[in-house]
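Take this structure, written in structure tokens, and hold onto it; I'll ask about it next.
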Amino acid sequence: MRLLWRGIAGGIFAACLLLAGCQPAPSRPAGMPTVLAAETFLGDIAQNVAGDRLKVETLLPVTVDPHEFQPKPQDVVKLAQCQVLIVNGLGYESWLQKTIEGIGGQRLEIVATAGLTPNPDPSGAHPEGDPHMWMDPLNTIHYVEQIRNGLSQADPAGAAAYAANAAAYIAKLQALDQWIRNRVAEVPVEKRLLVTNHDALAYFGRAYQFTIVGAVIPSITTDASPSAQQLAALIDTIRKTGAPVVFLDVGENQKLADQIAAETGVKVVADLYVESISGPGGPAPTYIDMIEHDVLVIVGALK
Amino acid sequence: MDTYPESPARLDVDNISVGYNGTSVLQNITFQIPHGARVAVVGPNGAGKSTLFKTLVGLLPLREGKIFIHGLSLGHHMDCVAYVPQREEVDWRFPVTVQDVVMMGRFGHQNWLQRPGRADREVVEKSLRQMGMEERTDRSISDLSGGQQQRVFLARALAQEPHIFLMDEPFTGVDATTQEATLALLDHLRRQHVTVLISTHDLNLAASRFDSVLLLNRRVIAFAEPKLVFTPENLSRAFGSQMLKLPDGMVLVDECCPPEDEHAHDEAHK
Amino acid sequence: MNWLLQPLEYAFMVHGLLASIIVGILCAVMGTYVVLRGMAFLGDAMAHAILPGVAIAFLLHGNLLVGAIIAAVIIALSIGFFSKGGVVKEDTAIGILFAAALSLGVALISSIQTYAVDLSHILFGNVLGVSVSDLWLTVGLGLIVLVTVVLLYKQFLVISFDPILAATLRLPAELLRNLMLVLLALTVVVSLQTVGVGLAAAMLVTPAATAYLLTRRLAPMMLVSAAIGAVSSLVGLYLSYYLNIVSGSAIVLTATGIFLLVFLFHPNRGVLWKRK
């Protein structure tokens, strides 16, 4: 009887060793490279560059906070199978690191922010700098160039197409920038006060002369919680500067913001799309829509 | 069971005191028990009988005094003493069979990494047969009746091949089969020259079947042959108001059996 | 047959399978003691109590896993210390220390301005991100625990079943109990990688509880528990692959499903089962 158990145990152990030993490579379809973008807005931007030649898949679903994302097996399969991976960089995808290490293999990684100089992150949570650079469309132009270069490297035959697509999209981004300036002009500079849920709008603020009064969660990651002192300091700052609105991302926990609103009389607007675009039926189904929507919301609230 | 103790299994208790948190349960207890003797420990509830046994096994610390077994202090002779408490405080739902429980008694004879061998299994089998439980070696202990469980633990103590065998009230609240088996065990132990101490409320049994009686009530009232111990004076000193002396000289002792102070004490100080 | 082999084409699945099977076996074996000695709460508490250890390791730029191990061991020994002699009951001691450790961890983490996402992920586990070095660590620690359990089988049996006999046999009961707590701590930390904090407690309890219903003796209970743990991990991971659900949860749900099947359909379940 003992022998039987030992035999089974030994067999299982041996099987495990065998499994560990053989790691056949996944079968790869010949032809066009598979492209995966980490975040939804990246996916949209990249698709604009890829045009009809490639289909860009996205890893994160819409409006999911990357910090809370738990990859499922098929997500990891997508990662394992992709030949081109597009990430934002600057530590924004730290949750992805371990998974990528586990997969091993080779892929071309396009880091959208490579070459840009980021703002330092005031909270220190992202030592490489504040990663939310896509909130300034002029930064996004750089993203587009990085993606264009990367795709051209992976698929040289399409280089011309990617260049043309990129140029067209960049023109749209420049038009977007101009449109934003016009919209923002409707709000006098002294009223351009932003209080947000966390420090994700620094680049937007710098580009269009908004003052970031403060953030409910004084860190650029949504997982941290403020201390009593920090919350009190924020309330004081709001009172002092007279900021009239607290802006939240869609789907974020409103409780703290409501608390601040009750104390200071500010309005809570929970309608921004910052970390992700919306679904196809929503108000921000593409990157450009996302920025336009956010600008309209902000300007509308502060006018 | 052919291992005889080579040297006298003399139990030497020298002026010991045992207590919990300031209260003393046993005071200045001194006695010597020779090799192979059969002693009944009697006394009223709260006299300290269970406490004495627990101290002899090393479960309770000594406040004062010393205990010697074979002339060596307590703790030297591991597994020389076997102890069967009145109520086993084991986890009855634990997945063990009768065989498993009795085999635990053999662990003292094995070194730490040793697995039970054929010799151990033979001892276990003999012990079970002595207690009439050899038919039930593969039963879970939770399947047994109270008396059967008691016999299993007696078998385990037997399997320890001890020099000194302690039983705390083995005749209280058990069925007739178990009582007979226990009496048979006493005779068996006698033949093996194992020193036996049992505590009991059955004064008649103590008087008839035992070489000596230790009459306790926190102190040693008397320790001698039964007829010298069971005198009205001694009984009066031990049992106090639980005793009634009738005009014609007869003595009545009211022994109520349900566990009381003493065992409650033990419960609180595990 | 292809459905069996297809997930194995990916290294991450193979690593995940190996890690979760080993963890499944480990948790199930230690889980036997957890279930029999009523330590289910302890396993859960330990899993959460490693938070301050991880936070401190992070602050000192040390290895997070080592920090977790140290914290778990400290918690285990503290529980042993506070509940020694029965002054404070074991579950009370666990409750106090668990809450304290968790709060300390949260306080430390929120005071760190440089909060890192890595910290929360050590709590949630990521069986799909197991690297080869993780695997070696899991195997190494796992072997230490399993070998100790096998070597000290008799001793652990006696202190769990009959503390009075343990004293009579002069076993160092206190030492053995603390050793058992340390082994449990190691098991919990190793499990964190695959199923994460919330679910490690489940893997400690569910397979062993199922095995308890199926066996009558301790050694078979451990073996059956290990088998169920391994099978739950294997099946759970495959299910998560094909149904595309979170892997850790799939494993626990599988283990629970097996338990329910046995609980409902076993002919003589319960305390007084009669097999003969």
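The first chain written gets the first letter, and so on, giving A, B and C; residue counts start at 1 in each chain.
Keep this in mind: a contact is a pair of C-beta atoms (placed from the backbone, for glycine too) under 8 Å apart; a residue touches a chain by one contact, two chains touch by 3 or more.
Values in this document were obtained by computation on a predicted structure and should not be read as measured data.
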| item | value |
| --- | --- |
| Innermost chain by mean C-alpha position | C |
| Farthest-lying chain, centroid of Cα atoms versus that of chain A | B |
| Chain A and chain C: spacing of chain centres that average the CA atoms, whole Å | 35 |
| Distance from chain B to chain A - Cα centre to Cα centre, in angstrom | 75 |
| Whole-Å gap between the CA centroids of chain B and chain C | 41 |
| Chain C residues within the chain B interface of the complex | 36, 86, 151-152, 154-155, 157-158, 160-165, 167-170, 212, 215-218, 220-221, 271-274, 276 |
| Touching residues (chain side chain A, partner chain C) in the complex | 5, 8, 12, 16, 19-20, 23-27, 67, 70-74, 76-77, 80, 94-95, 98-99, 101-105, 123-125, 127, 219, 221, 223-225, 227 |
| Touching residues on chain B, where the partner in the complex is chain C | 57-59, 75, 78-79, 81-83, 85, 88-91, 93-97, 100-101, 104-105, 107-108, 110, 112-113, 138-140, 142-143, 156, 270 |
| Chain C - residues contacting chain A, complex | 7-18, 21, 110-111, 113-118, 120-121, 124, 126, 128-131, 135, 223, 227, 230, 237, 240-241, 244-247 |
